[in-house]
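Both complexes below contain chain A, partnered by chain B and then by chain C.
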Partner chain A sequence: MKSKKRNKIIKKTIKYVILFVIAMFILSVVVFILARLAPGDPLQAFYGEALDSMNDEQIAAARARLGLDDNLFVQYFKWLGGALHGDFGLSLKYKMKVQDVMGPLIGNTLALGITAYIVVFVLAIVLATVAALHEDDLLDKIICKVGTATYYIPPFWLGVVLVLIFSVNLGWFPSSGAYDVGKQNDLGNRIWHMILPLIVMIASHFWYYAYMIRNKLLDEFRKDYVLLAKSKGLTRRQIVWKHCLRNVGPTIVSIMAIAIPHVISGTVVVEAVFGYPGIGNLAVESAKLHDYNMLMTTVLLTGAFVFFASFVAQAINEQIDPRMKVTKEIRW
Partner chain B sequence: MSGNLLELNNLSISFDTPKGEVQAVRNVSLQLKPGEILGVVGESGCGKTVMCKSVMKLLPKNAHIKSGSIIVDGEDITDYNEKKMRQLRGGKLSMVFQDPMTTLNPTIPIGKQITEAIQKHKKVSNEEAKARAIELLDLVGIRDANERFKLQPHFFSGGMRQRCVIAVALASEPKILFADEATTALDVTVEEKILNLLLDIRTKLNLGMIFISHDLGAVAKVADRVAVMYAGKIVEIGTAEDIYYDPRHPYTWGLLSSLPALAKKDGELNFIQGMPPILIDPPPGDAFAVRNKYAMAIDYEKEPPMFPVSETHSAATWLLDERAPRVVSPVNLRKRSALWQQIQ
Partner chain C sequence: MEELLKVKDLLVSFSMYKKGFHKYELEVIHQLSLDINKGEIVAVVGSSGSGKSILAEAVLGLLPKNATVTGEVTYKGNDIDEKSIRKYLGKDIAYIPQSVDHLDPVMKVGDQVIGVNGTKERQEELFEQYNLPKGTEEKYPFQCSGGMSRRILVTSALMGRPDLIIADEPTPGLDLKMALEALKDFRELADNGTGILLITHDIDLALGVADRIAVFYAGSVLELAPVEDFVHNSDKLRHPYSQSLIKALPQNDFTPIRGTQPYAGDLPSGCLFSPRCWLRDDKCAGNIPMTEVRGGKVRCAHAADG
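Let's look at the complex of A and B:
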């Protein structure tokens, strides 16, 4: 029985690894082709203003040197060969290896993104539950109104206002950067720098999810089994916590999985406003400037994240609700 | 105490809706004794379910008790608040709902849903609760209860789920069980078994039960007494024999005549013309008058009171007034009654 179960897990893992490889392959091909179909010249990113003063010969030479004159097939397999060996190519903008550009910044973005992500969802679930418990009462109305208002405050504006109040006037928090000079190993200092960006990220995201969860909970609360639970003598709170929240669980987990790239890409604005060094900006820049290799890497990274997240979400959902198991018997 | 488990005295329930006040239950009085099954029949929307849910206080917020009182086991619960009601729900009162496919929480194992109900009302350890739950599953006829205890509802068929719902309802030893169309969603062979189960439970636990249905056959099988409801009112109430073999109210005649067994010679079914009235501003007089071919002028003007027919039997129709012309029940019903008396 046990070894059978283990076999199943191994089989499943292998299946998902193969799926992952296929998904990444397709994603890379699509992004590769789309990036090159987009109008614009990557040399612009590499040489900037200097491109205007170069003659055709020089430009052709530069193209050859950067491998931009091969046909798409050759270019793609060159890139693939490098990527499989851990070399993601040269960033045309920074004239450095992609991983060297991203390396020091990715940690900052992840720290900001993941913290925001966790807080956003804890807050969303708690507020959604409280609002659902007090449906149509004053508390619910206040939460909904305030939540909607915060959701529609533009994050760049909120960021500027927060800087104005808490950095310029009160001087409580720093206005920019991820750490003070010479203090990059000081955790407290990093957290201190993260607080304002975090507030902006949370304010601009939590209500979207909280409202979704609240409405889902209320839908759930209208279901028949709630009537049975009520007729057992359970309180509304017990029903929401023990029955409804559990049944909404798969939805929440799925939303959380989809939200990962969403929240992480939400760092872009925040990074810009607070001068926070992260990869959010890199991703946008790379698309704008035809920095092919950088673009590929950021997209694939996000793709891998999404894939991994949905894999975890599926596993969790199967635990919560066994009906979600993908079985062999189901054919369509 | 009068020995009644449940007493409704002139109970009226109204819903406030944007279109006006819907008088879902109007002036209903009934009594239920321990070990008795009261069948409640009537068309959809005649207030059967609202009446039951009002006792459980499971109605939506816009419903309110307009007048009358609800007395459970000698206690007047008309004005009970949510907190007090929670003690009663699952305690003295329990309910089985219509659709077993949706009334169980799909993600929680059956056993847990039963122990939850047990532990809500009694401080018992998890093991004791589990033992009791398995006992209950046995009682409602689920075999291998020990194993099935851990399974989620989707492993069960409709009939088994309804058994589980009954087990949940019985978890805290209620005194009154409301079965709200408990067998309507089941196919007939399963229905038969569930009805037998309900009868069985009644004898074992000496429960009072209110059995709501629009299936006259099912009611005939289980009910000791039957109440016929129309437009929010009880129009006839009596023992099952009274209602089935000596009905007095034209509406009851109509209901019984529409049984397929009493179809016309050419196989066409009998039916009652028209639709029940809308209960916002119900018509004056007898609400059934417009559909009643025996209606008299007074039926449109004045509401008929309950006329006693016998000690156990009464009906609200002016036909029973001594001044009314003698009207006999439809011929097919009379034939049936005669047949029944022969068998007796």
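Let's look at the complex of A and C:
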């Protein structure tokens, strides 16, 4: 019985690994082709202003040197060969290997993104539950109005205002960067730098999810099983805690999986406003400047994240709602 | 006989919206009176859509916010309302709902039956008593058949050894014989002192199991009488509607009643049955109180005439 279960898990994992490889392959091909279809010249990124003063021969030589002359097929397999060995190619903008550019920055973005993600969802679930429990009462109305207002404050504006108040006027928090010079390994210093960016990230994201969860909970409160639980003498808190939250669990987990790229892309604005060194900026730059290899890597990284998240979400949901394990296919 | 539950002049209305923001009150249950004694099964018999389930939910305090409930409900002599009934729920008063959708789809049925007040031992005892195979408690509702789910709902109600059970259509989808078989347990419970309010649309079932029958029509009880009055023919009955109901049964005259039951938003004034009644006269227009006639209670201006 147990080994059967283990076999099933192994089988499933293998299936997901194969799916992952296929998905990444397709994604890389699509991004590769689309990037090259977009109008613009990647040499612009490499040479910048200097490009204007180069003659045709020099440009042609540069193209050949950077491998931009080969046909798409050859270019792709060159890239793929490198990528499989952990070499994601040269960043045209930074004239360095992509992994060397991203390496030191990815940690910053992950720290910011993951912290924001966790706080956003804890806050969203708590606020949603409180609001739903007080449906249409004053408390619910206040939460909804404040939440909606917060959601519609543009994050770049909020960032600037926070800097103005808390950095420039009050001097409580630093206005930019991820750490003070020379304090790279000082955790306290890093957290201190992260607070304002975090506030902006959280303010611009939590209500979107909180409102979804609130409405889903309200739906759930109207289900028949709530009536039966009530008739058995359960208190409101017991019903919500023991029954309703578990029933909306799969929805919350799915939303959380979908939210990963959403929240991560939220770092882009924050990194720009606070001059926070992260990969969000790199991603935008790479698309703008035709930095092909950088673009590929950031997109694939996000893709891998999403894929992994949906895999985890599916696994968790099957634990919460065993109906999902029994995959009865519908015959139309 | 000890009185368990007494409902007097219950009125339930819902505030609803029609066409945009025009708000109106829809009265679904009016002037409803009935009572249940210890050890007695009272069947509330009424046609589909007449508001029987709302009666159950109103007594148990399960109605949504837009419902208004007025009237007097007492349990063992104590006034109860939506709030004060809570201390009885799950212990003294139990509810068997109409559909198996009332089970939480993502919780094991064993845990659901135990709830917050129950014990594992009692659950095992009940499952055995109701022929639920071993291991059922580890299953989820979607893994149980319809019949099993029904029995799970019953065991869930019996968990706290209630004195009063309100059962809303506990036997849907079963033919009369099977349903009566299923209700044998109810009879046994009643014989041991439990009062049961059985809500059903099946008059044959009610005749087979109940001690008294409440005839439910358009949101009110028109007649509450011992089951013997219903069994042979309609002579003993006090209300023209109950009489014609019995006459309409296939085993009796099989003569239908003309007309249809009115919609809750469009009720006649005075006697609810008057538009379809052959005895109708001026007396039917006013407010007709529930009166005691020949050992039963009836709401009809002509009942005392014979």
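Please note the rule applied: the second predicted complex is superposed on the first by the 325 of 332 C-alpha atoms of A that agree within 3 Å, B and C clash if a C-alpha of one lies under 4 Å from a C-alpha of the other, contacts with A are read in each partner's own complex, and residues count from 1 in each chain.
The rule we apply is simple: a residue touches a chain if its C-beta (ideal position, glycine included) is under 8 Å from a C-beta of that chain, and two chains touch if they have at least 3 such contacts.
Only a predicted model underlies this, so the values are computations on that prediction, with no experimental measurement involved.
After superposition onto chain A, the modelled positions of chain B and chain C overlap sterically. Once the two complexes are overlaid on the shared chain, A:Arg246 sits against chain B and chain C alike. In the superposition on chain A, A:Lys230 contacts both chain B and chain C.
By the document's definition of touching, neither partner reaches A:Ile264: not chain B, not chain C. For the contact definition in use here, the residues of chain A common to its chain B contact set and its chain C contact set are 223-225, 227-234, 242-243, 246-247, 249, 320-323. Residue ranges of chain A in contact with chain C, taken from their complex: 222-225, 227-234, 238, 242-243, 246-247, 249, 320-323, 326. Chain contact summary for the complex, chain B toward chain A: residues 56, 58, 86-91, 93-95, 97, 99, 102-108, 116-117, 120-121, 152, 154, 165, 168-169, 171-172.
Here chain C touches chain A in the complex through residues 57, 60-62, 64, 86-91, 94-95, 97, 99, 101-107, 115-117, 140, 142, 153, 156, 159-160, going by the rule given at the top.
Note for the complex: chain A touches chain B at residues 223-225, 227-235, 242-243, 246-247, 249, 320-323.
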